Amino acid sequence: MNFICNFPFFSILLSLFSGTICSMLPAKTAKVVNRVVITAVGLMSAVLLLYLLSTGEPFIYWMGHFPAPWGNEIRAGVLEAGMALFFCMIMYLSMAGGAHKLPGEVVESKHSLYYILVNLLLSSLLALVYTNDMFTAYVFVEINTISACGLIMIRQVGRTIEAAVRYMIMSLLGSGLLLFGLCIMYDLTGHLLMSNIKESVRLIMANGEYQIPLIVAVALMCIGLCIKSALYPFHAWLPDAYGYSTVSSAAILSSLVSKGYIFLLIKIIYRVIGFDIFNNTRIIDVLFVFGLMGMIFGSLSAIKEKDIRRMIAFSSVAQIGYIYMGFGMGTQAGMVASIFHILSHAATKSLLFIAAIGLTDVSGGSRKFIDLTGAAYRNKWAGVAFTAGSLSMVGVPLFSGFISKLLFAQAAVQVEGKMLASLIVLGISTVLNAIYFMKTVLRIYATTDETSYTGITFRDMKAYAVTLVFFILLNVILGVSSQPVVNMIEQGLAMFA
Amino acid sequence: MGQNLFANYGEAVSAILFCIGFTNLLLQTNLIKKIIGLNIMDSAIYLFLAEKGYIAGRVAPIVVDGVTSTEAYINPIPSGLVLTGIVVSVSVTALMLSLTIRLYTRYHTLDLDEISTQLKREGK
Amino acid sequence: MTVFQIILMGLLIICAVSVSFSKNLLNSILIYMSFSLVMSMLWICLESPDLAITEAAVGAGITSVLFFVTLKKIHAIDASEPEKEEEKENE
Amino acid sequence: MSRKKTAEEYQKTFAFRFFRWLSGEKDPYIGKVEMRPQKEYQPDQKAALRHEKEHDAIMDRVYDTEHNKWLYRFHRLYQATSILFCLFLIALLLVTISYLPPNGAVTRPVNNEVAVRYIEKGLEETGAVNIVAGMILDYRAFDTLGESHVLFAATITVLILLRLNKTEKDEAEVSDRRFEPKNDAILQLVATFLVPIIIIFGIYIILNGHLGPGGGFSGGAVIGAGLVLYLNAFGFKKTERFFTEKTYKWICFFSLSFYCLAKSYSFYTGANQLHSVIPKGTPGAILSSGLILPLNIAVGLVVACTIYAFYAMFRKGGF
């Protein structure tokens, strides 16, 4: 076996272990360790991605001395490695972009705890990406939930604690449903490993016995993961959680945590149930309807909002609706569009959160729109970045959001019966997006005479500006050279089967 | 309706318990009750799993006198999964309880809706 | 053995329902403790002694202690009666 | 003859006046319109108070949850839907269960080659008499590694939520002990007898994890309960002599790192088909079954400390 095949295992264990190590370190060292770990994991994922692209074969890695149905396994293909690389990039940029705000938002003595949680979160995301075993996935989903809850309430204002409680209640409902579905699945198939379950599922569908419990199990798992990733009717915890936590947390939560669950759902669809069997159930219609509802109602709530960070949070609800709409189409093209949207939304939403904090900082810390008037002149970098993010969200060419909308539209055209609904809702949602994002952009570029707030120059915030530039670059790269990424996604999906 | 409902009475009980826990989690206004509901829900799932491993007339999977025939022992996998699950639910319970304490010291109530109204009213 | 199992399961449901309807928080936690205890007996019946030990130590022990401390912190236990339950629990 | 005007003449023209007005140098109304200077703005205390009261009244009306008809209806609707949903869920699950393979039968899919190998080869391959321990700590060790980190993550979040600084901690301690009898003789006597027994029993469960029912987690929980009882009987002063936050941190750090490193070694050798140097020992002996015993001890230590830490955090926000 090639040495590179050890990299997924190394990256999971490295990030887990660094969590333990950070508990003994002072905050400054913990920060360095955190950055180093994220970089190292990112580099390993990049090397792994190149290796996988060159061999074109996914590989299985035993976690222990025992082969397939007896021991744990992890598995790496192009999509997994690419996702891990992307998650690391976003996480590094989010941490770097929010670092200057951390001392003001979190008590000094709790900084190292923050880095522990980030490390644990990274390891759980990696494990969710790489795992080939359902029960391992459940355990790491719990780590993900707990550390995300920690990230929400590390800034201890009343709102965040309330949001954390709501988040935990919803997440635990979701975990319960996921675990129940998993147990029924285990009872029907006798396996916990994804590939073995898939074989048994195929047998069950061929035999016709146990079909009803199988579909119920799949539905329970899907609903559980939908609740956890804040699909529209289950999003009550989201605005407060994203709106009031520290800026790095908000960026990480919105762009990575919910995406981790969605990626797990994709894995379940492809590697556990099988894409065709999943598409023959009614579940995709439910996902489709919820996705459409989320797209419209999320945007409407965002329009009503008077607080910039809550507005961005509500926009997340709409974007997650897009992703589920792609699942609901039930075609390969829809799936590719959804996965591309996962990437583009992660890149854009964290950019928006980080840019918004720059704007509110120069407006006396107020997040109300009325105080943000002209903020873009006071902090030019944040203004440009926010505009770029907004354009991407609305779907202007050159940015990543445009490509994902294009892919969604292309996918919708191929689907009978759902074409009209998805195209109309896509159009309405784009208009609504444009309303609230352009409203904000106009507001921050409006001129005012009297301003009591002082501006900020490049010299005061080098690291922050560089982060923003990287974010914008990431967005533009996704938007301009989308074809290689789409090809990679298709190749990865082919490897899933 | 299938024919195995009465054979699977243990699972049926666990489904009912699961739903009782679920209802508690949804409907109770008091956070402590919600947490108890959560625990009941988790226990119900573990009961379901343990029922899966049980085979009538066999004993616990602890090797006695070197007998390693399959006929002698029950399925060990569910027990292992439940052990892992119990640890998870204890951690989550501790976390939820500490959140409760924190909320109470701040707002002096355990009703989430009341807290939300209070927060909105303060306009923070 | 089956009859015993069914009785235990009936007890489980009774406990779960009465937790939901009990007005007093202290009572509901005590009932939850007995729920855990019944559960651990049930696990002995299901031939899983590992689970029974863990459930007895954790469900009926640690979790309940944590619940009691929380109740004390949120002043749900009357201050005039110091938590006897808490100490009884540890034994 | 030049058409140029002199400056004086120009000042009388309309254009001059217009441009001056445009640039704001001259107010055309001055001296032409009857005006009175505006009174300086003085905030009216009474009006401000009145406004505040009105605002409060409006807020009271808006957030009056008890008499809000719509809110009440919404609550009712929410309750009704929740109950309906749960009834639906019960029905769905019961129907599902009625289709599941019958309980207790040997022919179910669960009893397949996986379970068979665990039972038949478990003793030989892991060296553990207790097959469940062998399974969770050797065959499926990755899950268990994740599980111990769930506990770790929970401790960290509890620390974030409840850890107080020095002055707050002292206050919390005072208020914590206000209603409690100090040095209760009965409790202390009982504790002197019971605590050693509880802790020894816990140690037995941990060390016996691979030979019989038990293991790191349950044993650790029992030891933790013993420590909590000791704390209740003798107070924080006594326990702080041997157990402080530092001790907790170091024990947790060492156990978790040992766990991580040992398992990494085992995963690495397993995946790369290398020979592992860890001996299995004779099955049934106390020093057997490879890594399972040390791992159980590590988990037990972590769990015992964590439970004590939870309790201390809940009581007074620190050790």
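Brief remarks follow.
For reference, chains read A, B, C and D in written order, and residue numbers begin at 1 within each chain.
The criterion applied here is as follows: contacts are C-beta pairs under 8 Å (C-beta built on N, C-alpha and C of every residue); 3 or more make two chains touch, one makes a residue touch a chain.
Because the structure is a prediction, the values reported are computed rather than measured.
Taking the mean of all protein Cα atoms as the centre, the chain whose own Cα mean lies nearest is D. Remark: among chain pairs B-C and A-B, B-C carries the greater number of C-beta contacts. Mean C-alpha positions place chain B and chain C at a centre distance of 13 Å.
Distance between chain centres (mean CA atoms), chain A to chain B: 28 Å. With each centre defined as the average position of its C-alpha atoms, the distance from chain B to chain D rounds to 17 Å.
The distance from the centre of chain A to the centre of chain D, with each centre set as the mean of the Cα atoms, comes to 21 Å. Of all residues in chain A, those that touch two or more other chains are 135, 139, 142, 146, 149, 153, 156, 161, 180, 186-187, 212. Residue positions of chain B touching 2 or more other chains: 2, 9-10, 16, 18, 21-23, 26, 51-54, 60, 62, 77-79, 81, 83-84, 86, 88, 90-92, 94-95, 97, 99-102.
Annotation for chain C: residues 48-50, 54, 58, 62, 66, 69-70, 73 touch two or more other chains.
This structure has the following touching chain pairs: A-B, A-D, B-C, B-D, C-D. Chain contact summary for the complex, chain B toward chain D: residues 1-5, 7-12, 15-16, 18-19, 22-23, 26-27, 51-56, 60-63, 66, 68-70, 72-73, 75-81, 83-84, 86-88, 90-92, 94-95, 97-99, 101-102, 113-114, 117, 120-121. Interface residues of chain C, counted against chain B in their complex, comprise 5-6, 9, 12-13, 16-17, 19-20, 25, 28-29, 32, 35-36, 39, 42-43, 46-51, 54-55, 58-59, 62-63, 66-67, 69-71, 73-74, 76. Within the complex formed with chain C, the chain B residues making contact are 9-10, 13, 16-17, 20-21, 23-24, 28, 30, 32-33, 35-37, 39-40, 43, 46-47, 50-51, 53-54, 58-60, 62, 74, 78-79, 82-83, 86, 90, 93-94, 97, 100-101, 104-105, 110.
Interface of chain D with chain C (complex): residues 130, 132-133, 179-181, 187, 190, 194, 205, 212-215, 217-218, 221-222, 224-226, 228-229, 232-233, 307, 310-311, 314-315. The residues of chain C lying in touch with chain D in their complex are 48-50, 52-54, 57-58, 61-62, 65-66, 69-70, 73, 79-80, 82, 86-87, 90-91.
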